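Report on the structure given below.
Labels for the chains are A, B, C, D and E, by order of writing; each one numbers its residues from 1.
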Amino acid sequence: MKQIKQWLQTYSLFLIFTLIIFILLEYLVRSELIPAFIIPAPTSVITSIIENWKPLFLEHLPATLLEFLIGFVIAVVGGVGLAVGMFFSKIVEKTLYPAVLISQMIPIIALSPIFVLWFGYTIWSKVAVTVLISFFPIVVGTYDGLKSSDKEYIELLRSMGATRMSIFKKLNIPMAMPSFFSGLKLAIVYALVGATIGEWLGASEGLGYYSRRMSGNLNSEGVFAAITILTLLGILMFALISLIEKRVLKWKYTD
Amino acid sequence: MTLVLKNVSYTFRNEANQKNKVISDLNMEVRNGDFVSLIGKSGTGKSTILKLITGLLKQDEGEILINGKAITLGDVGYMPQRDLLLPWRTIIENIMIASEIQKDLQITKDEARSWLDRVGLLAYENALPDQLSGGMRQRAAFLRALLTGKDLLLLDEPFGALDALTKKDMQTWLLSIWQELNKTILFITHDLEEACFLSDRILLLHLDKTLDDIPVNLSRPRHPEMLHEMELITLRHNLEKRIAHETN
Amino acid sequence: SSKNESTKEGNKKELDDISIMLDWYPNAVHTAIYVAKEKGYFEDEGLNVKIEMPADTNDPLKLAATGKVDLAISYQSQLLLSRAEDIPVVSIAALVRHSLDAIMYKKESEINSPKDLEGKNVGFPSSSISEAVVSSMVKNDGGDMSKVKMTDVGWDLMPSLATDNVDALVGAYINHEQVLLKKEGYNVDFLSLPDYGVPDNYELVIVTGEKTLAKKKESIEKFWRAVTKGQETLKKDPAAGLQILLDHENESFPLDKEVEEESLQVLLPLMEDPNIPFGYQDEAVWQDVADWLYDSKVIQEKVDPKEAFTNIVSK
Amino acid sequence: MKQIKQWLQTYSLFLIFTLIIFILLEYLVRSELIPAFIIPAPTSVITSIIENWKPLFLEHLPATLLEFLIGFVIAVVGGVGLAVGMFFSKIVEKTLYPAVLISQMIPIIALSPIFVLWFGYTIWSKVAVTVLISFFPIVVGTYDGLKSSDKEYIELLRSMGATRMSIFKKLNIPMAMPSFFSGLKLAIVYALVGATIGEWLGASEGLGYYSRRMSGNLNSEGVFAAITILTLLGILMFALISLIEKRVLKWKYTD
Amino acid sequence: MTLVLKNVSYTFRNEANQKNKVISDLNMEVRNGDFVSLIGKSGTGKSTILKLITGLLKQDEGEILINGKAITLGDVGYMPQRDLLLPWRTIIENIMIASEIQKDLQITKDEARSWLDRVGLLAYENALPDQLSGGMRQRAAFLRALLTGKDLLLLDEPFGALDALTKKDMQTWLLSIWQELNKTILFITHDLEEACFLSDRILLLHLDKTLDDIPVNLSRPRHPEMLHEMELITLRHNLEKRIAHETN
């Protein structure tokens, strides 16, 4: 009860703001100041979601979720792995850090034929886009976090005879957590965007695919139905990670 | 337990490869059960000596021996000025960390708990360090050094960050623990009164890298009243004069 | 000469502005428009034409509907789809009179007719029309559509076939993808839509918004007259006409001359029919395509073809 | 001289790594293990850049740069403005912060018709994408930076009779600088990607558009020529901001 | 210059709206040219009193008057325990910040420079705070408070973070400046020896919120030798006893 009250207090203004925007949009569309085939009325979008809930939620949502989850897990595992590698080896760091940075400057759509070449039209091409797009914040977050360990703490543990591995486990990893979670929160949002873009590059199911198909059919309600679900999913994922963060970093948040 | 430093030298090198010979031909000895304070102006190399004894730094020349054997990492209990409690661990987890690191060190949770009880922290067993006051944190940090199980404890300005009143309490507390356990303590401080009050011997490190060994002729056990005895006051006065003429 | 310039400027001020958005970036199919522009046919008609290029193949229609552009080049079936979605656009002329779309495949893949697609993988560019095309053709050929695997390949039609990720393509044009794939050394062949029960359609049409049509009918007629004149000039000397296009584009986006030449050769016979004026649209063709779209469930409501087009040239 | 030496020391490993990748690619393409129309040989890309240097550098690069610059400036001005607004007003913060966060979860390409409707195919549609994509890190960086001012410093200035405005100028702004620059470094990379994506959504010049055109013609050398220039431009921009940061935050870097 | 607190009360309210009456019916007076120390256990409200006098906090009841007028922000010079030098400003820019903030305060760069010279910091005029040692930073922070041009200076544990040796130097230095300028100083410290050595009067704040006013009968000028005089030692001893019996 108290939590709900607090939540409302935090977000009420934003919710009111959103509501006003929706009402404004509804008015603009209904009065034909904006053509409905470009921005649909919010009510039509809701109607469209309800009418098509079966394909949307039972077919396309699970497909996107699967790509997203596989991609996100790979990005986390790979990103953390790379960060740890860079942390332990200057050579790995100097070789790959600039490459990771530069990989962010290449517009992904330009690389789509390469994905097709490597992965064909399997789920892996979407996973690849997801990974590529969400990899960076995880690497940076984890690496910066690992490096943030105070020299004095390390000396204290070494004075007790700790090996490098036990310093890593007992000090570096917990120290890296806050920064790792900052990266993770960015990455989970990007991963969802990545899965969507991946589907645009060729897919046969998924919300991104759905929105593109609807766009091809000039059905703007359908496009926005998919976008709405994607956005809500993104908010949910972000909230989920924030929640896990609060749990794991309890020591940071109890005050 | 005897700690012996023989002709120890140590030089810092910076990036530009400039050398700074901080410790030069140093000889000292700390015997079993001693409470020895190490004093000297800032930058004379007190902390460096402690790091050499822990093994965190490796001397360029000379020997550092405990019971006749060259020291290695993990041979002593070390407590730096900042408490350095890991903020994500509860107090009991913090003080037991050495037993997680050293396999041959077996300390049960019950033992740790009885220690917490002894220093008045049992109620905070499962609290996080942030929830404790400065004095409490310092006591926990001391327990952590104690629970390494080593005979020799190196304390680098452990009470430097505490306010004067809390510091007084901590000094009395430290003395009582030390007496009970028959530990050997090498103690760095800037506070001459503290050095006089606590120690059997005071080692005074000069800027020219020489070391004076000054005995403290106060009876044991010490109690706060002694702070106002002429003997302590004169000794402190004396030390002050010896240091004051040095220029940085 | 200064006097000359001032009169020129004076003339320019009297020109009516009209904008057209192409279906895709400039290529051989647009040669007539560039010829008309270069030779001053638009100016002769009192028009100042601004040519724009779209981001997405759906954009021209939408922008014509909102009046952001006066004219747009789009696809006949796409226009009917828009009508079904109540988007107020009308076709005013047919630019290409026959299907450019086809089912394309590598010769070595042993496809001889649509039913051979059973057990094969067909790539298409996220469009329900393309799916309907394959479905109609396979059924017409006595095949089982449920055995054909359809893969949406997004933007990457050619790479998907070249890398053997799909066995055949639909939505690829015989005047572009086919030519390019051949040039890269792939031996491609194709199946024509009308041969297997899909009505022959006006692949590219010139569309405008209903409001724009009411307001600017005269300018639109002038525009089409100039384009027709451009097409005449082009037919007389295709090489010279194409050179105008290549020159226009060459500064920024070097076009491959060989490819465009071949493309034009494929296109020219498909843009006009004997004894029918350039651009004239037949109601029967509209009716057929509309019926086919409805029958194959691409659109859910019948569209009246009479509303979808209007002829600005008479027979 | 010394700086060059240091630079080489830092990046030599990466340069060698890049070189090896290039040689490998060259080999793979020449031996026809990878079709050249999907990934071109690095030498062909260089040839393509040299052959087409005129349109590339005199026409498309300036076009992209212009979009990028206008977009980036608007993002900086707007982002800083919003951050300052949120800093001074809880109402602004509670209303707009979630909106800004959510704006990052919407796949931008899905909004292209809206951009086209509002801005047509003018430069402004590309600017809009650029702004939308680079806005977020600036807002977050600036806002977090402004909030980071220590309460004790504020009390000190207040004890001298400082007004809120003079605390803002003398304390909050300088305190926000490090975090602002972190955001800026991300934003400048994203802004360039944004301009490129903007061009993919509709343009008639610019490096992004060029790469798309070349892609439609299966001219992979052309695609990678544009990508190469874009990437180099991104690195340059990033280095430029890093340099400015080092100047402005001299007090942080002198040690 | 006279500072008068009449029946001042102050209550902290936390988020859960719980009240904590930290200052209750407090009366005190500081006269022109006085050096007054405020001592007491941690948490008795010493810093809160200083914040009330600066105007950072507003008392719930009672009056705080300087020369008979209610105080407002900007009326006093304030120096907290942490030096709080702005790290991006050079030393001279740091000490001149008050004159940027207060329009009617005109201090020229030359004046500021002559002050730096006087405290031995002229060579660091254009250095950044990070380049200075703790003692130097503390001197700069003191100059900043001084260059507010106010007669009353409030110093909240200014030497609390310094090591014992540097602290000694700073005490002597502070006394010399204070005597020369005829400023009025209200000084918070935990260090009873420091309080005895520096002050004319010591205000001892108790946990029950009462205040003792204790005169220090040592002659002026003070010099470090006095630290070993019986009078000071007895006074300190006395104060220690008065505080020690209080329980937190």
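Going forward, a residue touches a chain if its C-beta (ideal position, glycine included) is under 8 Å from a C-beta of that chain, and two chains touch if they have at least 3 such contacts.
In this text the structure is predicted, and so the values were computed from the model without any measurement.
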Co-neighbours of subunit E and subunit A - touch as defined: B, D
Higher-contact pair (C-beta pairs counted), D-E versus A-C: A-C
Averaged-CA centre spacing for the pair subunit D and subunit A, given as whole angstrom: 19
Centre-to-centre distance between subunit C and subunit B (centres being mean Cα positions), rounded to whole Å: 86
Subunit C-subunit E separation of Cα centroids, rounded to whole Å: 85
Whole-Å gap separating subunit C and subunit D, where each centre is the average of the chain's CA atoms: 37
Subunit C: positions in contact with at least two other chains: 56, 58, 62, 66, 155, 159, 163
Numbers and ranges of subunit A residues touching at least 2 other chains: 35, 38, 109, 113, 116-117, 200, 215
Shared-contact residues (touching 2 or more other chains) in subunit E: none
Contact pairs between chains, per stated definition: A-B, A-C, A-D, B-E, C-D, D-E
In the complex with subunit A, residue positions of subunit D that touch it: 10-14, 16-18, 34-35, 38-39, 91, 94-99, 101-102, 104-107, 109-110, 113-114, 117, 189, 192-193, 196-197, 200, 208, 211-212, 215, 220, 223, 226-227, 230-231, 234-235, 238
Contact footprint of subunit B on subunit E as seen in their complex: 41-42, 133, 160-161, 163-166, 168, 189-192, 224, 227-228, 233-234, 236-237, 240, 243
Touching residues on subunit D, where the partner in the complex is subunit C: 35, 37-38, 52, 54-55, 59-60, 112-113, 116-117, 120-121, 200-205, 210, 213-219
Touching residues (chain side subunit C, partner subunit A) in the complex: 56, 58, 61-62, 65-66, 78, 81-82, 85-87, 123, 126-128, 150-156, 159-160, 163, 165-166
List of subunit B residues in touch with subunit A within their complex: 51, 54-56, 72-76, 78, 80, 82, 84, 86-88, 97-98, 100-102, 128, 130-131, 148
